[in-house]
Amino acid sequence: MGKILTFGEIMLRLMPEDGHRLLQTNRLEATFGGGEANVAVSLANYGADAAYLTCLPNNAVAQAAINSLRYFGVDTSRILRQGERIGTYYVEKGQAQRPSRVIYDRKYSAIAMAKSEDFDWDKLFDDVSWFHFTGITPALSDNMVEVTREALIAAKAKGITVSCDLNYRKNLWSTARAQEVMREFMPYVNVCIANEEDAEKVLGVKAVDADVDGGKLCYDSYKEVADKLKADYGFDYVAVTLRTSISANDNRWAGLLFDGAEYHISKSYDIHVFDRVGGGDSFGGGLIYALSNKYESAKAIEFAVAASCLKHSIQGDFNRVTLQEVNALMGGDSTGRVQR
Amino acid sequence: MGKILTFGEIMLRLMPEDGHRLLQTNRLEATFGGGEANVAVSLANYGADAAYLTCLPNNAVAQAAINSLRYFGVDTSRILRQGERIGTYYVEKGQAQRPSRVIYDRKYSAIAMAKSEDFDWDKLFDDVSWFHFTGITPALSDNMVEVTREALIAAKAKGITVSCDLNYRKNLWSTARAQEVMREFMPYVNVCIANEEDAEKVLGVKAVDADVDGGKLCYDSYKEVADKLKADYGFDYVAVTLRTSISANDNRWAGLLFDGAEYHISKSYDIHVFDRVGGGDSFGGGLIYALSNKYESAKAIEFAVAASCLKHSIQGDFNRVTLQEVNALMGGDSTGRVQR
Amino acid sequence: MGKILTFGEIMLRLMPEDGHRLLQTNRLEATFGGGEANVAVSLANYGADAAYLTCLPNNAVAQAAINSLRYFGVDTSRILRQGERIGTYYVEKGQAQRPSRVIYDRKYSAIAMAKSEDFDWDKLFDDVSWFHFTGITPALSDNMVEVTREALIAAKAKGITVSCDLNYRKNLWSTARAQEVMREFMPYVNVCIANEEDAEKVLGVKAVDADVDGGKLCYDSYKEVADKLKADYGFDYVAVTLRTSISANDNRWAGLLFDGAEYHISKSYDIHVFDRVGGGDSFGGGLIYALSNKYESAKAIEFAVAASCLKHSIQGDFNRVTLQEVNALMGGDSTGRVQR
Amino acid sequence: MGKILTFGEIMLRLMPEDGHRLLQTNRLEATFGGGEANVAVSLANYGADAAYLTCLPNNAVAQAAINSLRYFGVDTSRILRQGERIGTYYVEKGQAQRPSRVIYDRKYSAIAMAKSEDFDWDKLFDDVSWFHFTGITPALSDNMVEVTREALIAAKAKGITVSCDLNYRKNLWSTARAQEVMREFMPYVNVCIANEEDAEKVLGVKAVDADVDGGKLCYDSYKEVADKLKADYGFDYVAVTLRTSISANDNRWAGLLFDGAEYHISKSYDIHVFDRVGGGDSFGGGLIYALSNKYESAKAIEFAVAASCLKHSIQGDFNRVTLQEVNALMGGDSTGRVQR
Amino acid sequence: MGKILTFGEIMLRLMPEDGHRLLQTNRLEATFGGGEANVAVSLANYGADAAYLTCLPNNAVAQAAINSLRYFGVDTSRILRQGERIGTYYVEKGQAQRPSRVIYDRKYSAIAMAKSEDFDWDKLFDDVSWFHFTGITPALSDNMVEVTREALIAAKAKGITVSCDLNYRKNLWSTARAQEVMREFMPYVNVCIANEEDAEKVLGVKAVDADVDGGKLCYDSYKEVADKLKADYGFDYVAVTLRTSISANDNRWAGLLFDGAEYHISKSYDIHVFDRVGGGDSFGGGLIYALSNKYESAKAIEFAVAASCLKHSIQGDFNRVTLQEVNALMGGDSTGRVQR
Amino acid sequence: MGKILTFGEIMLRLMPEDGHRLLQTNRLEATFGGGEANVAVSLANYGADAAYLTCLPNNAVAQAAINSLRYFGVDTSRILRQGERIGTYYVEKGQAQRPSRVIYDRKYSAIAMAKSEDFDWDKLFDDVSWFHFTGITPALSDNMVEVTREALIAAKAKGITVSCDLNYRKNLWSTARAQEVMREFMPYVNVCIANEEDAEKVLGVKAVDADVDGGKLCYDSYKEVADKLKADYGFDYVAVTLRTSISANDNRWAGLLFDGAEYHISKSYDIHVFDRVGGGDSFGGGLIYALSNKYESAKAIEFAVAASCLKHSIQGDFNRVTLQEVNALMGGDSTGRVQR
């Protein structure tokens, strides 16, 4: 097994402390995160050989972003250093009926401005056996559509396994543009990951009977979605995260994995949300770990859901948990008794 | 529509951080709050032209109180600067079976010591079309009873709409004194606001079958209260907030508005309490905004209750929410899903 | 009634702030705690004459441990100053399915290294009428087994009432060694306190049908345990805390007291856990207060359980509550309404 | 005397706490600042009627910027709300031989992208008697050159006094472009403010013998600069701040005012730098206050220098001092004795 | 040697963190302090048997004040619990030319309102051999003048040594009233402590040639003051602290002790001020420790000055240093080399 | 050029925030540091290929130590994971006359308990061309003497350059034992680094006329020391740091390098100390970087002294500066002017 390379944008994440509203006080918690970087950190935490690719300017803030990945053992040696700014986002934690809010300031970032010629995929894919990107990567700019296309072509040529988290972002592109681009890219993808809304927004496949706010998980409806996606694009695996929001604090969480033969539905968890952002990425990180380690489908989806269940209890985009902790939860210990 | 002027005491509010008990650590969060100031901030946040009147000494702490109101766009130009101290209160957040606790240190404050001759109501009411006070204002001192009386007489003379939140405070006056004073003032009031205990304590009108700790809201009982209040004092509107406390963290919250013709009962919300203090004031702020903007009664009570539901998710006395946020919740979006 | 002396190890307790994982940020909250010290603080808070005995090195950190006890009025004049280090432990708060974690670094501490000849029990027991230790004390080292044995012999000789919280710690000794030592010590004990696992681990008495993770409290099973303990060792009182863990945040909590004549089962509380560590000690503190003040059994167990219910809402090992607060909860006020 | 309107960019300012390097910890202090906004806050603090004009997007971060100005009583009603982002800058405090560092992320900000047609100067100058801008404003973009030009023409037409702080920023434009633009603008300016380097960089007038790092203030050299500037552009007043840097912590600070007749050199201060950023702006704020209040030249320069001396002792861009405090220092009380 | 009892007011002390101005951020550091309490803490830190007497209300804030004294081992058992409020003061740290500022909110405090009959001096002086008060105590109210008078009469009757720090506070009383009261009290005093201004303000004895702001210590002038005080009131000892303020950060500090026979002038220290408040009290604490332990005069003044030199490096009113640390500095080690 | 491997102990470093005394508040800043780890971080920051070797237990605190090194790009792959505890130290920052204090709690740490057979030097030295240790490493335990001896023998055999910072620690071993061990080790060392006291304590070579507290640097005296060391042990280079302490805040700092041919004395710097700990290590890191990059001696000592001058302005053990920053200071820019 070679390296798992994930590719996308990492941003400075600014959050008011202590559940305050944005700039209610003058303190911000500054960390870093982004869909594909979050996946790389998950993988490194489980002991996988993870590398991350992006483009960052040559200043102290961007260096700190790189350092924050090295902290977890992610290989950052492929990261390009050019451009003018690192994308930034503000996040405000929700409480009960008040939703969490995200304000993006990511336009004109170094990665969005990077060009096709900046990426030598032959060299970047050296030693790589798995490539992961998300729907956010091409949504950053037209340049990034082209860059991602070239990455996919190169990956295919080298026999690299490709996973994609559809991850629709309405403020980055329209559903029309998303579908135009992503439908072209899907044939290159082996493992397709979606949440309860992405499949419709990004690929036009709608769950018939989803009640995402009603506290009820509609498995059958998502089986149909998975089935249709498999039929349309020939994925090896389709994975869907299933979240119902009771309030900003209380969610129910489960996952479904279709391996072409069977539908595997995980245990569901009643989650008390400590930090919601990065939840989907931690599912992706868990799933890629499981599949790249040849877990059976039923175990793979349980691992991914347990990993992402734990993420909701951890502050920041990164899922700071060990293999042992995921295994313990997956093994049934969910009572939260003190571990001495 | 002219300015909405609110009148009362604003205090320095000192709270231990992070859910600690008082002085468990050496850090205090210092903000400002007070029933009528809280209403003014709510109104300014919704875009109304709100002004606030009080009396504050000429020092840096009092100046910060004024600045904290200007921050939200409240007109503070009428505030008197004299006297020796700003009232202070300590608040400790409750957890589960441990209740929140408030310790007042507000005696001898500049506003409590202010005298009748310090207030030129003719000038203070310039451009004002709505006047709001609470039962706390006259409770501060005998001087303040006199000052409030003069304000009410002047308001009446100028055709200004008057609203009053009964807001009984047992450590400021007895129920006997409260009833003596407030019964005299009620005929000047157009809009009467009360919580589930105020009507009894301040005006002697008791809900027959209220079970405030049992988690059950007894609407019929409060309809009778509203009916009786209307009959006794001829209010245009009687509004009652209905809270049941399951624990310090979990409350149920709803409201009732009697417009003389019909009883309008709002949706009820299951609240996870982040900061309880100022909850009633945010209801008043919402209600005054709605009524001064000629909302229909049913919509007015929904607006006020949605606004105050959100307040419970926000730290500090002030309700830091926008019109859009209240409308979104009132419109039915209470699942707390991330807003990106 | 003389002094109540508690004896054991107090440690520096280091916890990440704001629910973070260990060293996720560079800030740690530094407080002090330890089973027997926690009991002494509870007792001092209720107005009892509590003293604490341990051994601590002569440096600024250890001095702060002593000062933190004096803060609450605990008599620290018996504490020995010698040795090289104060034990330390790290605690990370759990969230939902993620359990709280404790990492101990207490080996080679001053108290663990202290020797028999360092303790002059005749002098240390001066004015003492009640002596409290836990199963942790002898578990610290073979030296401490010997020291504890001598303390018990001296206490017996002086007619001092002895209480013991069995408190099994698997990382300090094996169940085999624990049973060997503690079975020898039990005949000296008047009041035996255990949680739902201790009786089995420390004395080999297993509850037949305990379902500690299922959210159901199995009283009958623990009555049998209490009965067996009484029969084996002749305790005056056997008290058992009954916790069921639904998640790291949500526990149910109750207690049972067997006074040789009757089984008294307390009210049970649905606890929202703010800080779980020290919960059992706060039960012990409440029980010793109640019994040493000659409360009737039924009232004693209610006091101990109410006290420890409140502890779960307070950060740190120490139960920072007053007699009035425990009485209020025991008296039925558990709705968490604001106290102004 | 009408309003004093200042015009430019206000940015989010992010600074590590406690003298740390950037992102050494995960906490940032978030405040707001910008040359012209800083001047407006100084003026409001002295009681002047100050207004601020910029362009900001419609999000919570930009709203906080506006609120932070209202806090001090600055009139923000002219501010345009459009565009996508608020400029941001990071600042790291220096220590001794390690200089303070500023990283700008201000490109593509709402004000830089604003267009000529967004500004209705006739309306914006309503009630305005003094207009202040700096060399940073036109440096933001070619659009801003055009907008500033139109502002100056309109100001001239209305007889508004114009002040300009040359404020060269090498990362925004070249000296060539700066000189091209600013030489065109200077004839509209009544009061020209420069630091020891600006005159050379922006207008090509070099001090012959300035030793800015040597701890020696070369007054004669700067007299010549002032003389030359007056001769070239016909300013009513030329003011120059004179800073010598001994280390990041220790500076010497003085000022020179040439009123066409005489050179007035202020007292010099040995400054212990607490926060250096905004020091020049606080000089501008003091000078405009003094001149608009018809202070004599000698007193005006003393006021401006005393005001800016105090700024170096205050964290953040804004000079949080009162008229009384500036007067006290100007009056000779510089020993820092406790004021009780 | 019996207990040393100090008597006066302890206040809640609120200070912005990190050198900010008052309420520049919403965080305040809350500690406790007051002239006589500070002396008691110093004494306890050196191992003396110190007790403190004041009057405090029965609430959680006042309890924390008491606990903060017990923390250091001060005997608080004599403290009266009655009245309504604890005095409060705000302090803002100065920087360079910006002075530290203190805002008092101490009027109507429990101790100021306490009455003669609340104090049973016979009982309060039990076991006491030294009594210390300051000029602040009688300045609090007319009641306190009476109470202090009775204390002095009782102390005299019991042969207790009395020390007094003149400590003039201009916002509490006029120099006229101060002189009226204090001249009456001086004959009861054995050890008189004054700073460079007190003798003039409180007793009308002016130093002829003091240049307190010029950085030069005028010893001869203060010798005359000491001589005159001794002559007028017959003190056993007159001690004077000599401070010159170069800036808020830089002071020079020395002391003079006249024992009736000789004038002893201490070493002088160049102080980098970390926290100035409580500096005089730490001198008093050191002096009382030295004299009550029969140090020779020359050594006593060196001890007091070294102790108070260290205080300026410590945050908060209390002098958190050990006997060893004072001895080390007094012994000549002032280079600040790391102690490992 | 291969890897530079440094070997020793890394500890958890706990420091009170904001210049407080130890446990004056309940917050500690937790970072990591240790002489040899600090050198590795310096090297990695300059772009060198640095690796670090130690032994750490398998828990979350030790993992954070490793992560904190990976953050800077240090290769941690050789670190052994075994044993029970990570060493800990407390540090309290000094102020003026109050010295910084360090309390060690490092006994029984994993590295001190590690044994000879745990280290396979043949494998550990793979790819290594420079090996660095300090006098602290063998001082940890007798085991570590043996381990270090084996490392030196292996290094010699492989032709690896060896540097050693003598770094005497009096609480770890006596000067007698230090001299016994270190004299044996010195013949293996190519580059010997010492501070003004080490040569005497560790190797018995005393500077004749050093006045470390008098603010005067006695170069000649240290030239003799260097000469003698060279003569005794045949070092290629002898480097000596020269510190004079004026106060805890103010030091003077310079360095001397003897390359066998000439004595090179660096520029001296007046340092305002922000954090003193790690100052010597940052000198070592700079020197090793310079020498391993074949800098001429005069430039090498300037680089090392400039690097370590900057360290004193940075919080924590690690020298968080870039090559560019050291070069800038070495190049003469020491005025601390803002870098925009």
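First chain written, first letter: the chains are A, B, C, D, E and F, and each begins at residue 1.
FYI, a residue touches a chain if its C-beta (ideal position, glycine included) is under 8 Å from a C-beta of that chain, and two chains touch if they have at least 3 such contacts.
Treat the numbers as computed from the prediction; the structure is a model and nothing was measured.
Chemist: Using the contact definition given at the top, which chains are in touch with both chain B and chain C?
Modeler: Correct list: A, D, E, F.
Chemist: With chain centres defined as mean CA positions, report which chain is farthest from chain D.
Modeler: Measuring from the centre of chain D, the most distant chain centre belongs to C.
Chemist: Suppose chain centres are the mean of their C-alpha atoms. Which chain sits farthest from chain A?
Modeler: E
Chemist: Can you give the whole-Å distance between the Cα centres of chain D and chain E?
Modeler: Centres of chain D and chain E (C-alpha means) sit 44 Å apart.
Chemist: Starting from the mean Cα coordinates of chain C and chain D, work out the distance between those two points in Å.
Modeler: Inter-chain centre distance comes to 62 Å.
Chemist: So what's the Cα centroid distance for chain A and chain F, whole Å?
Modeler: Roughly 42 Å, centre to centre.
Chemist: Can you pull out the residues of chain C that are in contact with at least two other chains?
Modeler: Expected reply: 17-18, 21, 26, 101.
Chemist: Going by the touch rule set out above, what shape does the chain contact graph take here: line, ring, star, complete or other?
Modeler: Shape = complete; every chain linked to every other.
Chemist: Which bits of chain F are touching chain C when the two form their complex?
Modeler: 14, 17, 21-23, 26-31, 59-61, 64, 84-86, 88, 90, 92, 101, 103, 105, 107-108
Chemist: Going by the contact rule set out above, which residues of chain E touch chain C in the complex?
Modeler: 67-68, 70-73
Chemist: Which residues of chain B touch chain F in the complex?
Modeler: Residues 25-26.
Chemist: Enumerate the contact residues on chain C facing chain B in the complex.
Modeler: Per the stated touch rule, the residues are 17-18, 269-272, 274, 309-310, 312-316, 320-321, 325, 329, 333-340.
Chemist: Give the list of chain C residues in touch with chain A in this complex.
Modeler: Contact set of chain C toward chain A: 18-21, 24, 94-102, 104, 169-171, 212-213, 245-249, 276-277.
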